[in-house]
Amino acid sequence: MDKIKVTNIKKTYENLDAINNISLSVANGQFISILGPSGCGKSTLLNIISGLEKPTSGDVLIDGESYIGKSGRVSYMHQKDLLLPWKNIIDNVSIPLVLQGLTREKARKRAMTYLDDFGLRGFEKVFPGQLSGGMRQRAALLRTYLFKSDVMLLDEPFGSLDAMTKRKMHLWLMDIFNNYKSSIIFITHDIDEAIFLSDKVYLLSERPAEVKIELDVDLERPRNNKTFSNPKYIMLKEKILNIL
Amino acid sequence: MDKIKVTNIKKTYENLDAINNISLSVANGQFISILGPSGCGKSTLLNIISGLEKPTSGDVLIDGESYIGKSGRVSYMHQKDLLLPWKNIIDNVSIPLVLQGLTREKARKRAMTYLDDFGLRGFEKVFPGQLSGGMRQRAALLRTYLFKSDVMLLDEPFGSLDAMTKRKMHLWLMDIFNNYKSSIIFITHDIDEAIFLSDKVYLLSERPAEVKIELDVDLERPRNNKTFSNPKYIMLKEKILNIL
Amino acid sequence: MSKTIDKLIPLGFSIFIILVWEIFVKALQIPKWILPAPSIIINSLFSNLPYMFNHTIATLAEALLGFVLAIIISFIIAFLMDSISFIRKAIYPLLIISQTIPIISVAPLFIIWFGYGILPKIIVVQLVCFFPIVISLLGGLASVDDDQINLLRSMGASNLELFKMVKLPASMPSFFSGLKISASYSIMGAIIGEWLGAERGLGVFMTLAQKSFQTEKVFAAILIITVLSLGIFLVVSIMEKIIIPWKN
Amino acid sequence: MSKTIDKLIPLGFSIFIILVWEIFVKALQIPKWILPAPSIIINSLFSNLPYMFNHTIATLAEALLGFVLAIIISFIIAFLMDSISFIRKAIYPLLIISQTIPIISVAPLFIIWFGYGILPKIIVVQLVCFFPIVISLLGGLASVDDDQINLLRSMGASNLELFKMVKLPASMPSFFSGLKISASYSIMGAIIGEWLGAERGLGVFMTLAQKSFQTEKVFAAILIITVLSLGIFLVVSIMEKIIIPWKN
Amino acid sequence: KEEVKEGQKADTNKATLMLDWFPNTNHTGIYVAKEKGFYEAEGLDINIVQPPEGGTVQIIGAKKAEFGISYQEEVTNARSEEIPVKAIAGVIQHNTSGFASPMVKNIKTPKDLENKAYGGWGTPAETAMIKALMEKHDADFKKVKMINIGSADFFTSVQKDVDFSWIFYGWTGVEAELKGMDLNYISLNEEEPILDFYTPVIIINEDLEKENPALIKKFLKATSKGYEYAINNPEEAANILVAKVPELDKDLVIASQKYLSEKYQGDADKWGIMEEGRWENYAKWMFEQKLIAKEIDSSKAFTNEFLPKE
């Protein structure tokens, strides 16, 4: 059975069709990426899958159960970082732990162990307003990760990162992905990133979004720097570039 | 004489060195890019050049005149879009025109002519909260452009755009650049973008930022898709990747 | 819940309270000069309505003039305080002092300065109403995103333009909190003003009714006061919806 | 401007006003039972100080107890109104009504219900103070970023947790606007409460002074009221700085 | 609240007395009785409380205090509204109030009130009184301008648009003397006998008469002693009041007390006694003037029964 099954989602705002008709599926432990033009409806789709917005029609099944309008099931990193301005970084990222019942002290301690990986060490007492754009994004990603659901939705998590930091984050993400067998839906504008990370890539059309094509990425894991020179990789990239 | 001359800028926040020592210069009509790790101090540098923040020491000269702490001289697109939530898109982007004394009606009309280029046609009456991340970025860029200074500072203007839209924006940006002979400082994490657009690329170190190296890009203009296969381009890219 | 039900809830709840009151008064046989039953109040209201009309108009006029004056003065004060730091520091304590002085204790001064006409009442309403508006406006102005200010300043916005384009809209939600508070006070402010001496107005009507122990008339007047105040509050709430469209 | 100069501005401005007042009264030979000169007021203050002390303590106690009660009740009401839409709709009109009723008109009811002690005064202070707090809190709560709420809800936050982690902090700036308004009213609320009948308190003192035509004593009391109110306001302002560190 | 409950039990000795206004020389006898231990001697513990604006009659009507201070017009008014209060002693034998004006306004008789401005509270009773006085002197009431001065005092209001105002001579009149301000004064009781109503009076709830007559008797016995002391020792009595209420102006209290001590008992046989005729006539007049909606039974509005028999 599919972990996530999205069928015939349609979303219309007042006088604007955002999503025309999208169906997709994610198998258990699968990593899929979504590529599509700016403003086509990608964030809207994740909002719907996470249960924060209701589709005009269509259904979202997770483990076979419908989650239309029901939030709380998945880890979701929004495109906006949504850090709380009144909490310092360590308290911001430990929110999901506190919500799961840990004491504040324990939550902080647990979160603290990840600060190095996320390049936030030394900034635990700083308010979000004093962080750089990329650091805010990393904090938001860490917060999402600490929610620890078996389903993660990530909306352009690495958009403001330099290549180096991005690569570090990729490796880290692959690590969790392999260890925890999470199912991940990942939005990005970076074609390399999409291919490198995913088992499957969905290309969306202009708004109102439809699935233009669904491409399987059969590159063996674990992937590494050599992956980029794999002919399959290069072919896939070319194919995507042609379609877009 | 250099259009912009930044000398020995140092910036220290309470107990954090953000910028160690940066000097750079932009000739009249030159396009320079800045690449550097996330959180190293790039946005801080632009804040200082624009006059919004004061450096701990160092000087910023524009046309030979010091602009420490004096804002209003340059067009500046922040990393945050800073669209005003209470103005619809057309009024948001026409702010600089209104501030320059145009009536609201005229300002709207003028701004309207750019909406197609920026893919915002049809969204003029919409509030920023109802736009996608990439659309907000494009609106912020249009607003910056309409300020029409001969110096433009752009902080990751295309971070949330897909490849296609980005390419369109690049061509548009090259167009203005060539027509108006603006001097531009451009922050990005995208190496291709940096090389493709610039006359010179500065690579910054980890925080506290220093200039690691300054690379001239001597690719003939106008540039186009063929530029990417130019051997000079490929060499330059490799060099940058090695340094980072 | 549907829109109609939404509007029925407060109505239903009010009716419930009135019923409890009626039953309570009847059951405990509370004499009407202590606490009249709602039925008696309504009855008294209708039999006195034509002749309460003049009083109502007088009070409403004082309240509205004072309220509008308060809004205008609040904007001027808030603008000056926000733009000129010297004025802010000099005036802030005076603003607070203006609220801490019980008006009735300085009533003689009011009369000597402003006489017995409608003016002292309007001034009392203004005094009562402007403070919540100013404080809320200032609070709103202080909460503006500095980066937005900086952006517009870097585009050459003058102080006035910054106020108009950024500060004012950003402080509208807070401003309306203050305006709602003041709206609720405006009629009561007029009543207090009428204690300083008046020929007409619901305050005069109530005093006379009270002195002749016609408690039901006092409550009939309170009912009118309440309806007027709720009316002004409602108008302000509707204005809020219109003026802050980006919040919906 | 340096910090010390900042603090000297309001002081200097106040001294300026007092001087103008003194000169004005002396020059126009205004009799002291109409408007006493500041020097006479200060003089009267010091000669009556020891025995005004008790009155001051009584009023301050009423004001502080009422103010704290108002804060507690405001939070409870705002929380309930924010979480349960039925309660919000049912209670909103009642909140406004509670502010529109001139307390003096129903004074006998207060005595009949709450007796002669400190209770009715505390209730009056509470009634005066809670409204600006509730309205500002509700305004603040309404201004919260929905996306932040949604994010935390999607992480399984309960209503109470949402209130604590997002809504409350987000509405703190607005809350403090309301709190400052109420702080300025608290002492005056106690004075009004004392008009319902009291043995001690600055309100009693003022009435007695006024009725024996000792205007300078009335103003001496107003001076104390003003200083107390400014003091409470100052404490609230300092608390604001401490509780909203992310705004600095 | 507590005092009230206990006060209604026959054998307790606690009771509350609610004043009509701020404590002043009208109340001296009560403060004397308390301070000199006259109440204590009767086994009483009297708690003196100040009223909410105009609330005494209702509080007594609701039995939240045993004794209250009011005045004849108010009691008459209250009874016509069926509030069960009753006067048990007249504190001052004759009405000491009247219309005062600064000498410069030249108002010597009610005739002179024409074309003048009256500053008052705008009650129908005031209108009726002025009208009655003027009609007696063939003056035209329509020529008087009525101004509501709210809470402003006499001295302030005559600074502004007002020419004359209603005062209690024993307080405001005496203050004018102290200030050296010359007044013209038209005394109500001298000008028109009908207006010689009792003010102030001590009141109770009718029920107390049946429930605890002993309490009333003891209370009035001690209170009488208090007023008698004040009649005989104005200066000492004034000092007792000032000691209890030091916020008052001592000079004013002493001067006022000297004036009032002579008026408490006046021409009556003993302090506190009230004449049925004056209650009846005033009630009738009020009804004729439409100041009350229905006639009252004056005999039930007051009683001398509880005054000490000597």
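Remarks
Lettered A, B, C, D and E in written order, each chain numbered from 1.
The rule we apply is simple: a contact is a pair of C-beta atoms (placed from the backbone, for glycine too) under 8 Å apart; a residue touches a chain by one contact, two chains touch by 3 or more.
Just so it is clear, the structure is predicted and the values come from calculations on it, not from any experiment.
Listed by label, the chains touching chain B and chain C alike form an empty list.
Note: the chain lying farthest from chain A is E, by mean C-alpha position. If you tally contacting C-beta pairs for each pair of chains, C-D comes out on top. Note: centroid distance chain A to chain C, computed from Cα atoms, is 50 Å.
Distance between chain centres (mean CA atoms), chain C to chain E: 38 Å.
One finds 17 Å separating the Cα centroids of chain C and chain D.
Touching two or more other chains at once are residues 80 of chain A.
Those residues of chain E in touch with two or more other chains are numbered 54, 58, 62, 153, 156, 159.
Residues of chain C in contact with at least two other chains: 34, 108, 112, 210.
Touching pairs of chains, sorted by label, consist of A-B, A-D, B-C, C-D, C-E, D-E.
Of all residues in chain B, those touching chain A in their complex are 13, 35-39, 42-43, 79-80, 119, 130-135, 138, 156, 159-166, 189, 191, 241, 244. Across the complex, chain C meets chain B through its residues 145, 147-148, 150-157, 161, 165-166, 169-170, 172, 244-246. Contacts from chain A toward chain D in the complex involve residues 50-52, 71-72, 74, 76, 78, 80, 82, 84-87, 95-96, 99-100, 127, 129, 147.
Within the complex formed with chain E, the residues of chain D that make contact are 33-34, 51, 104, 107-108, 110-112, 115-116, 195-199, 204-205, 207-214, 217. Residues of chain C that touch chain D in their complex: 1, 6, 9-10, 12-14, 17, 34-35, 85-86, 89-94, 96-97, 99-102, 105-106, 108-109, 112, 131-132, 135-136, 138-140, 142-143, 173-174, 176-178, 180-181, 184-185, 187-188, 191-192, 203, 206, 210, 218, 221-222, 225-226, 228-230, 233, 247.
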